[in-house]
Amino acid sequence: MLITIKYFGQIAEVTQKEEEQLEVSEYLISGVINTLNTKYSDLKNKDFQIAQNQELVDLETELTGAEIALLPPFAGG
Amino acid sequence: MKDKKPKNVFQEGAITSEFIGNSIYKHQTKTSIGAHNIFLGQVRADNIDGKTVSAIEYTAYEDMANQKFHEIRESAFEKFDLTCMHIYHSLGKVKVGEICLFVFVSSPRRKVVFEALEYIVEAIKADVPVFGKEIFEDESHQWKVNS
Amino acid sequence: MKDKKPKNVFQEGAITSEFIGNSIYKHQTKTSIGAHNIFLGQVRADNIDGKTVSAIEYTAYEDMANQKFHEIRESAFEKFDLTCMHIYHSLGKVKVGEICLFVFVSSPRRKVVFEALEYIVEAIKADVPVFGKEIFEDESHQWKVNS
Amino acid sequence: MLITIKYFGQIAEVTQKEEEQLEVSEYLISGVINTLNTKYSDLKNKDFQIAQNQELVDLETELTGAEIALLPPFAGG
């Protein structure tokens, strides 16, 4: 399954990109994150939440295969 | 003034005092309003380990953020007897002393606006995916975290 | 911005949106401020027994009122970590839709401004000898009472 | 003792003046109010507080002889 992953703020500093597409064979969000942790070794040290289709999800959520975003701590206002 | 479609809350750069004054002016035709309450977030020249913040550069997960602003708006109208509500947030660079957040609520009566404004501002800080890069005078930076 | 001498809080007539915008502008040089909170009281076109309010004419026991505003100011600076605080109140006729009260507090952090603003507005309503004659469209009147 | 009495709002509508001077021989605020109730019969029906030298006082307060004000309900803001 082809998914789009978006990176923001200090996460985008680690990945050095704001967006990419990944072909994954996982069923859970945790599978995607494991893949990313391998690809970007500094990601483990960063604090972030995960959104799927613009809603926050946790690692055990089923991957429904659309837009995943890695969101560092919010700083609005 | 309640509406159902998400709108774009973001403005490029700082929110000016003229914009705020003009927004107040536009509410003077609404003669059922007795009380307005306005929150303004202003960029502070914080001193961190001997370095001084000169600006914050804001980015956002814009689609999700506008959706969250919309949910906050709907929820505030449901909880409180508001006549009007407006939210504006900056994107891009906002210098120290400039305004990056403008929240404006209006109601027939004052008790409502105090409660509603605090509710909305706290929800924005907690729930909206906006990110802030604090840029120091020497061009180095750190990432802002809401507390 | 804390000062010890009572000042005149009263303005003749309505407080304009330009005045408010300009007051916000003047605070952009104060780079320790992170949050502003503004309360505006606006004259409502209340309908009472079939008659509609067209304006409120404000009078005050001015010396005592300015002394009370001063005490509220001193007490707010003592209770809350405020950087700035300003209060303006109208005297004379203020038409519906126009602004008669402008309270402006600023602080490094947001929690403080919410508490401080509500405290100040409630104290003004309760303790300051200001009187309001609600003038109806047919020129008859009644006297306003704060609730 | 000569005192100045100020009237505001709907109280000034009853007295038809905003200020007057009165010669009184009373020792308490209540004495002044009794005198005014006799002089302005509609005053009894009105709700007001009393200030002496710009501080709220009650009927049992001693008259110190300066400025007395009759203040109808406050309506600021």
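Letters A, B, C and D mark the chains in the order given here, with residues in each chain numbered from 1 onward.
Please note the rule applied: contacts are C-beta pairs under 8 Å (C-beta built on N, C-alpha and C of every residue); 3 or more make two chains touch, one makes a residue touch a chain.
Not measured: the values here are computed from a predicted model.
Trainee: Mind listing the chains that sit against chain A and also against chain C?
Mentor: B
Trainee: Just the number, please: Cα centre separation of chain A and chain B in whole Å.
Mentor: Distance between chain centres, rounded to whole Å: 27 Å.
Trainee: What's the distance between the Cα centroids of chain B and chain C, rounded to whole Å?
Mentor: 23
Trainee: Taking each chain's centre as its mean C-alpha position, how far apart are chain B and chain D in Å?
Mentor: 49
Trainee: Do you know which chain C residues sit against two or more other chains?
Mentor: Where chain C meets two or more other chains at a single residue, that happens at 41, 110, 121.
Trainee: If I count partner chains per residue in chain A, which residues reach a count of at least 2?
Mentor: 77
Trainee: Of all possible chain pairs, which ones touch?
Mentor: Every pair of chains meeting the touch criterion: A-B, B-C, C-D.
Trainee: What residues of chain B sit close enough to touch chain C in their complex?
Mentor: My answer: residues 17-18, 20-22, 24-25, 27-45, 96-99, 106, 108, 110, 113-114, 117-118, 121.
Trainee: For chain A, which residues count as touching chain B in their complex?
Mentor: Its residues touching chain B are 6, 8-10, 51, 54, 69, 71-77.
Trainee: Tell me, which parts of chain B touch chain A in their complex?
Mentor: Contact set of chain B toward chain A: 41, 58-61, 63-65, 67, 89, 100-101, 121, 124-133, 143-146.
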